[in-house]
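Structure, as structure tokens:
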């Protein structure tokens, strides 16, 4: 095989597209962790639910854009219910308990989708407007994956604006540093937590519906995704949103370039990356010491 | 003149751009009670963290009994005879009071013994009981540390520090949060302890230490401001200005 | 009775395990429970007693299994030597992984152990010539155990159960001694307050490394026994999902209690076994049970039990059990 | 909580129970009031649809045999167990079946790793195991025993048949996208060996981790290489995802995509677009009933029993696997492993796809292979997904030789 500049460039674009989905997933995970200290093991399952609901809404409305709006709302609503009924009683009990609970929850969600949509899953299709491939000058690249990169950039920008420029964002930022401050400001912190958990889940669902057209939608699709999004979150530093984005792209690119030279080690490469990062920077690229010990 | 047990030279600690302790040098004689005073943020706790080995200083040296121990690991500080009781209560919460003290005392005897039962170290059990009695916790022997009242936890702190039989005892605000009655008992205990070992006390309640200390050091903004007997300190204009003036 | 169990914890667990196969649906499940119980106990040494959550412990189970398997399949070594090799290899791997991982804390510690565990997984996956790769290692069969001239039929499930029980019992005795030792006190103090333990004069990093190695060796022993039990070594033995299972078993039974992990392993495997035969949707049922336990019995089955019994018995006066509950049962 | 039993008494009880237990003799095989067949398959997990179909087909075979009177009045009982697609679980379940349920035979499995672990357990205990999923390894002398039978196709046969059909038609430059495990490697080996006769050239063999969901990182290289043929040597969901993404990357414009095993359920899950024009092999496709009489008979029985449903490829293997064993019981007039194994070795049968027999040296079932292509238009119903292009008849010469497999005595 010849490593031409064209091939390497195309591979980099592929890596960025992969990284876009990783980054989105990690943002949701990191947001919930940074604010609530909850390690959400159901994140992969919510991604999967998002993919199913996305394809279901697509079938129902025949419009991908509707589905792109409806799905995060629906998964976000599921998130609200989860927080209110299951996670809230566990605050202050350490990280192990929410971890176990959300793990159990992920099994329930997987089984629920099996019952609702069948074991084999459902075929997914690319929206007609986004089909086909584009000549990037270095080779043909699927249009939909370019859309993925753009969509992620848009979502990240919106989220950044929300957190940096709005009153709610200010409360969230303050709350993640010190819940007392928020209480002093006279804001019901439990409602902030509820909202953040909902937003985190909505982002997981959104990544699911965005990723669905690129892959088979089946009940187990969230299991490997969970491990990958943890890797990204940890590499970036738990609780850091810029970290999630940078690490997402980094992991995507490392995966893509490893695929080129040693494809069978592609999956391993991201774990090696994580081990290296943590051994050099024990709290991740953008993480702060202090989270859990 | 007796040799100093602890000497620090040009001790400096920076956190990023902030300098918490700036070029502090001093020496402490054996079996004396010294207090370090200063307003909040003066660098008292940083000084303690450095001489107890919790951090390595950015610059300067620490000598204990003439030996340079700068940069050694914290547990080595403890093993050569420097013990610290913490400002914020820092005990093993889910262990019983007795076990807290027993573990602290065990350090001198056994650290990696895997197969002998703890119970077979009778001397440790007795020593822990004696120390609990000394700090007035004999009745709470089997309570979980987390179930003790605040003042009792402070007393437990002191018992743990003593368990290591230190030649140098560092006490970071031992009476913080204590009732007046508890404070009195604690001050008496400290006076007694200082008869057999070097004690350095950090306090920001100046009146409290004036009565019992022979020597005071005053820190301000990370720098050494003054040193002397209580009378000298009381008479020092600069100290009055930055410190007493506030209170 | 709790007092009695606390005082003679190894004896009581042995007495129970002697009759255990009678109450189980079949011996292979009982043996699995022994093995995974030991795995969880080894894991709990690190998780429950030292407060370090590792997500890479499957590596030690798997290394124990594979090295024992390789010793038997490729080198035709006697079974006892194969076990020794498996345990030693797991301990060594524990030394390496532990040395790297103890530099980090909290969730990062969990993730470093996960990553290093995955690296072990791929190493064994790729070493197909020695490990059989994805197909697993087959032929770890020891039909007859030769014990100083005594020939034991290892294909007979009951014999197999008691042989494996002997190893598990020895390991439990060892763990029990360690927990009761001065070193046991050191690791508990590290769990409670790492900074304070260092200020007390304990070398925290070294103690963590030692307990990591011990924990790895115990898990490795569980692995070697599993290889002998199943006569195969599946590649899943190294998978992080198995590490996750150890966490679940500990939490389900009660972390930081001596019997908890064993109870957790038994309930987990028994539940999975029974529910699987009842419904294809076993994942939902098992997942639901987890949720219920976290919400309503956060101390785990055994932890809740000893708590309730202790409270009911000695409510009025200061309870000696409660003061020492972490170490006594 | 009731007052606990006095600890001393409890210990006595325990000791008593322990001794009683030790007195139980080693397991005694039940004499055939019923013929018990253990059936471990992955009822949950990625291949549960196939597994459930296998169970239905197996139950059909059992019912048929029982209705025909069984053997000397003994009826057959099928004991289905979920192996969760996990080799450790499969071994445990097989131990359960043998030690507790005292089954006479074991039939089942749906992955290379689980079948090898079931085989290891059965072999030590001299229980016949008839495997109904693909693997080359199980034929080899190292894993084989007198009691090991292989009802399914193996990668060498499947890949060979697809290669012999496809390579002459579509060109010489070939790229393999291979799942990095024994199944994938065995398939590649099969294609390459069969390809030699046609002068095919391997441009690249890209090995991807098993279970990869996103193949985009492997595809630019293939795009650049512009091969005549892309062989997807992976299975199930890996096949669905890689076929779908290869389509997205426009690979099909210049390249023919083929795969050794084109699963019926994968095609259903992936949809017609992803699989458009994809060609591959299968052990069975229901529409071959037009050409094969036994297929028609089997389909009709299956439709009648299950409300008009048609059997899937792997499902059909459950039927054949059970029917062979039960026929051998009758032929041997015994249920013991050895006579039944000998009867199986002598069996010539045509249960559902034309004539078959087990080769003597490795007990591989010699059988036909069906080449199909995915339909993307003109489907009559949801089950009408493939065109049958070709049926390669059963022929021993398409197998690896007994010597090559390490079987010293080729009888």
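So that you can tell them apart, the chains are marked A, B, C and D in the order they are listed, and the count of residues begins at 1 in each.
Rule of thumb we're sticking to: contacts are C-beta pairs under 8 Å (C-beta built on N, C-alpha and C of every residue); 3 or more make two chains touch, one makes a residue touch a chain.
Everything numeric in this text was worked out from a predicted model, so none of it was measured.
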Task: Note down the smallest number of touching-chain steps it takes to go from chain A to chain D.
output: 1
Task: Between chain B and chain C, tell me the centre distance in angstrom, where each centre is the average of that chain's C-alpha atoms.
output: 41
- request: Mind checking the centre-to-centre distance between chain B and chain D? Centres are C-alpha means, answer in whole Å.
  value: 72
Chain centre separation in whole Å, for chain D relative to chain C (CA means): 35
Task: List the centre-to-centre spacing of chain A and chain B in whole Å, with centres computed as mean CA coordinates.
output: 48
Statement: So chain B residues touching two or more other chains come to none
Task: Find every residue in chain D that makes contact with two or more other chains and list them.
output: 48
Contacts with two or more other chains, residues of chain A listed in rising order: 264, 267-268
Field: All pairs of touching chains, each written as two labels joined by a dash
entry: A-C, A-D, B-C, C-D
Query: Can you name the residues of chain D that touch chain C in the complex?
result: 1, 4-5, 7, 10-11, 13-15, 17-18, 21-22, 24, 26-27, 43-44, 48, 82, 84, 86-88, 91-92, 95-96, 99-100, 112-113, 116-117, 119-121, 124-125, 135, 137, 142-143, 181-183, 210
Query: Which bits of chain A are touching chain C when the two form their complex?
result: 39, 86, 89-90, 93, 95-101, 103-108, 110-112, 114-115, 227, 230-231, 234, 238, 264-265, 267-268, 271-272, 274-275, 278-279, 282-284, 287, 291-293
Field: In the complex with chain A, residue positions of chain C that touch it
entry: 53, 100, 103-108, 111-112, 114-116, 118-119, 122, 126, 194, 240, 244, 247-248, 251, 255, 281, 283-284, 286-291, 293-295, 298
- request: Going by the contact rule at the top, pick out the chain A residues touching chain D in the complex.
  value: 1, 4, 6-7, 10-11, 14-15, 17-18, 118-126, 132-133, 139-142, 144-145, 214-216, 218, 220-221, 224-225, 255-256, 259-260, 263-264, 266-268
- prompt: How about chain C: which of its residues touch chain B in the complex?
  reply: 177-178, 180-186, 188-189, 192-193, 195-204, 207, 210, 214, 318-320, 322-324, 326
